[in-house]
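Next up is a structure, given as C-alpha cells.
Chains here go by letter, A, B, C and D, matching the order in which they are written, and residues are numbered from 1 within each.
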Amino acid sequence: MKETLIKEIKRVELKNPILIEGLPGLGLVGRITTRYLIKQLKAEKIAYLYSPHFPYYVLVGKKGSVRLPRGVFYAWKNESGANDLMFFTGDCQAQTIEGQYEVSNSILEFAKKYNVKTIITVGGYRMEVKDKPKVFAAATNQNLLKMALEAGANVSSVGNPIVGAAGLILGLAPFKNVEALCLLGETRGYLPDPQAAKSVLEVLFKLLNFSVDLADLEKEIVKAEKIIDRLKKVEEKRVLQAEEIKKERDKRITYIS
Amino acid sequence: MKETLIKEIKRVELKNPILIEGLPGLGLVGRITTRYLIKQLKAEKIAYLYSPHFPYYVLVGKKGSVRLPRGVFYAWKNESGANDLMFFTGDCQAQTIEGQYEVSNSILEFAKKYNVKTIITVGGYRMEVKDKPKVFAAATNQNLLKMALEAGANVSSVGNPIVGAAGLILGLAPFKNVEALCLLGETRGYLPDPQAAKSVLEVLFKLLNFSVDLADLEKEIVKAEKIIDRLKKVEEKRVLQAEEIKKERDKRITYIS
Amino acid sequence: MKETLIKEIKRVELKNPILIEGLPGLGLVGRITTRYLIKQLKAEKIAYLYSPHFPYYVLVGKKGSVRLPRGVFYAWKNESGANDLMFFTGDCQAQTIEGQYEVSNSILEFAKKYNVKTIITVGGYRMEVKDKPKVFAAATNQNLLKMALEAGANVSSVGNPIVGAAGLILGLAPFKNVEALCLLGETRGYLPDPQAAKSVLEVLFKLLNFSVDLADLEKEIVKAEKIIDRLKKVEEKRVLQAEEIKKERDKRITYIS
Amino acid sequence: MKETLIKEIKRVELKNPILIEGLPGLGLVGRITTRYLIKQLKAEKIAYLYSPHFPYYVLVGKKGSVRLPRGVFYAWKNESGANDLMFFTGDCQAQTIEGQYEVSNSILEFAKKYNVKTIITVGGYRMEVKDKPKVFAAATNQNLLKMALEAGANVSSVGNPIVGAAGLILGLAPFKNVEALCLLGETRGYLPDPQAAKSVLEVLFKLLNFSVDLADLEKEIVKAEKIIDRLKKVEEKRVLQAEEIKKERDKRITYIS
C-alpha cells in the first residue's frame, strides 16, 4: 500500500446519488451526523478506503479483532425521493499535508465512479455557542448555497478557512466537475457534540427532503449536556479553590508588609 | 492532484515579458507590492497554480464561495514600453521543503512557456527600520544587479539567506537559463508593511521605466502607522504597569528585610 | 536505496513456516522476546531489511565496524514439530508514517515468499503491572485468537490501538491473505522488561508446542529487578528530601505570618 | 529538481582516486578539514550536488550574488603518490530522513563514476576534550580500520551512532562495493573547532602519505582559543553574579525567619 486505496465490497446501482461526507473533526460533528444517518437509514457498506497517510496503528475491536484505521462508503436507496444517498465516514483524517490532498482526491474519484454530481461535506465550526447551534454553509456553486440557506443554513463568515477533508473536497470538486456544499454546525469543539449534529441534520432534511427519527440523538444530547454540567461544576470548584488560596496568600503578604 | 499543477485560464501574446513574483512573507511586502501593481495596472488573470504542498484547507470568500489556496499569474500589456509584465502572487507558500522546490520550479517552468528571460522576486528583509525603508538587491547576474543599484537598491549583506520562493526562484533560475533579481524591502516584519512595499515599488519604477499612482498605497501606509502607534501605546502602558508592580513588590521586600 | 529493501543472505527450505516479529517498542518486550528465541534456538540469519525511513545514522559495533540500522530475518528448522519458525527483529522502527506502512508491507511480502500463512507479532502493553505480567492478544482471525486464549493470553481491551509494526502487520495481513496474531506483554514500558518477555514466551510455547530453556532470561529478570529497586530507592530519597525542604519552607512562612 | 542532482562542471582523469567527504556537523570538523585541504592543495571544482532536501533558501554572496545551498566535488592530482584525491564538502546536510539517504547515495554514485574504491568521511565526535583531541575511527573493512589505527586513530566506542552523511556513506558503501572509513575528531561541538580538524588532518597525512602546510590552520586555532577564553570569562562572571544574588536573597530570608 503505497497510496490511498479503495477496496470495493459490493457494487450497487444508485439513482442520481448525492454523497454526504463526515470525518472526525471539531466536536466530531461530521462523524456523528453521518454515522447517525447511516444507522437510522440502515445504509449498506459498499467500500473501504485505506491510506498510508492514516495513523500507523491498528484499532482493536470487540473480541480481540483488529483492523487498520479506514474510511467507509455506504449506500442508501431512497425509495421515495429523486436521489439515492451515499455516505463517507471513518476513523481519522490523513496525518500529512500531501495525504490530506490524496485522500480527498480519492473520495472524489470514487464518487465520480458512481456518477455523483453533488457532494455535501459536514463538520463543526468553533464558536462560543449560546442557544441552538447555527449551521454555516459554503459551496462551490451559488445555486447549491442558496438551497442550503433556504433550508436554514447561514452564510459562513469570510476568512475562516475550512480545514481538512470537509474543506478540501470542496476545493478539489471543481477539478472533477462535481458540485459541493459544506455544512458546519456551531460547536465549542472540545467534546463530541450531538447538539451541533442535530442542527446540521435539520438542514440536511429540509435540503434533501427526507428525514429520520431523532429520538436516539436526543438521548445523546441529554448525555452530553450532563457531561458538560459536570465539567462546569468541576471547573467552578477549581476556580473557587484557586481564589481561596490566593486570598490566603494575599492576607499573609498584607500582614507582612 | 499529486503534484503542483498550473491551470491556464487564458493564453495571451506577450512581448519580452518580465515576471514579478511576490508571495506572502515578512511584512507581506512581496504580496502587497505585486497585488498593488496588479490592481493599479488592471492586469489580467491568465493562470492558477495549485499544490498538494499548500495548506490543507479551503478559503471562504464573500457569499459563501470557497476555493483552494492557490497562486495566480497575471499579464499586463505595456503599450509604451519594451517589456510586457507578468505577475505571480498567491495565498501562501508551500508547507514542506520539497514543496518549496517544486512550487518555485513550476513558477519558472510557466515563465519559460512565455519566454520570460528575467524574473524579479520581491519580499521583505527583517530590520529595525528607522527612516524610509531601504531596498536590498541580489541577483543571478551582475548586470541585472547593477541596474537595480542604479535604480536605488543597495547590495544585500553577505550571509543572510533569502528564504522561500523569493530566494529559491533565484537559486533555480540558472538551471532554466533565466536571469533573476530579488528586491527586499526593509521591514520589522510582524505586521503588513505597505511602507516597505512603497520603497520596493519605487525601485521597480526606475528599473522598469514605468509607474502607477501611489495614492491608494499612501492611504494604507497612514492606516498601518496608526495601528503601530496604537500597539506602541499599549506596549508602553504594559511596561509602565509592570514597573509599578515591581516597585510595589520591592518596597515590601525592602520593608521586610 | 529509494525504498525499503530486502537483501537475502541465504535461501532455505522451510516447512509450513510461522513468522514471529518483534521490533523495539514499549519495554523492548518484542525485541527481547524474539532475540531470546533466536539465540536459544540458534536460528539462522537469512535476510536483511534496510529502509530510507530508518534513522539516518550508522551503528558502531565492536572493533570499529559499522552498519546501517536494519531488520533481520532468521529461520529455524523445527525437527520435531509441524511448523518451522521464521523470526524478524531489528534495531528500530520506521521514523515516518508512510515508512511504517512501507516497512510492515515489506515484512509481509518477504513472509509470502516463504509461504508463511501465519504471523505472530509480539510487543509490550503499557500498564501498572502488579503481579506476573499478563499477555493480551488480538488477531485477524477468531480461531487464531481462541488458540492464543487457550495458551494463556487474555483478550485485549477495546479502544487501545496497537502502534507500530506489531499492529500494522495485523492490519495489512488480510490484504495478503495472511493470518496474524499479536501478543502484548504488560509492562511499565520505560525500561527493558524481560519479565514481560517471559510471559509472552510462555504463551508462545503453549501455542506453538515448543520451548527453550529460560535460565538466561531469569538472570536478566533478576538484573532488571535490581535496577528497578535502585531507581525506587533514589526516587523515595528524592521525595523525602522534597518533603523536608517543603516543611522547612512552611515553617518560615508560618513564622512570618 | 525532484531529486538530488549532480551537475558536472569538468571531467578529469584521476588515478585510483580516494574521496574525502566532510559536511557541516559537530564543531564543523568535517567541513573545516576538507575545506582546508581543498584550499592548500588548490584542488579543482569538478561538480555540484543540489537537492530538494536541502534548506529552501538561497545564500547571498559578496556583491549580491546568490546561489542554492549545494555540495561541491573537487579533484586533486597527486603527482608524487599512488592515489589522486577527490573531496566533497558543502553548505548543509539534507533536512529530511529520506533526503539523508538520497544525498549519501548520490555521493556514492558519483564516486563510483570515478572508480573510487575507498571513501574517507570526516567529522566531529562530542566529548569533553581535555588535551589534544583524539581521533576515532570506524570502517566497513578491518584492513582499512587497522591502517587508520596505525596512523594514530583510536577505535570508536561501541553504541554511539555516527549521524548524517559521515555515517550513512559508510552504511551504504557496501551496497556499492566501496570501502569506507570514518575519522571523527573529538570536539565540544558547539563552536567551529580547527583544533579537532588538525587532529583529523594528522591522521589523514600518515594514512595517505601526504601533507600540507598547517600554518594557516594554526592561526585559526589561536583565534578559536581566544573566543573560547572570552566565553569562559563571560560565563565565570555570570556564575559569580548569580552567586552574589543568591547570597543576598539568602541573607534576607535568614533575616526574616
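Annotations for the structure displayed:
Definition applied: a residue touches a chain if its C-beta (ideal position, glycine included) is under 8 Å from a C-beta of that chain, and two chains touch if they have at least 3 such contacts.
It should be emphasised that the depicted structure is a prediction, and the values quoted were computed from it without experimental measurement.
Of all chains, the one whose CA centroid is most distant from that of chain B is C. For the self-contact between chain A and chain C, the two sides draw on mostly distinct residue numbers; the shared fraction is below half. Averaged Cα coordinates give chain A a centre that lies 37 Å from the centre of chain C. Centres computed as Cα averages put chain B at a distance of 52 Å from chain C. Taken residue by residue, chain B touches two or more other chains at 256, whereas all remaining positions touch fewer.
By the definition given earlier, chain contacts exist for A-B, A-C, B-D, C-D.
Per the touch definition, chain A reaches chain C in the complex via residues 1-2, 52-68, 95-96, 99, 251-252, 255-256. Only residues 97-98, 100-102, 105, 137-140, 142, 145, 155-164, 167-168, 170-172, 175, 182, 253, 256-257 of chain D touch chain C when the two sit together in their complex.
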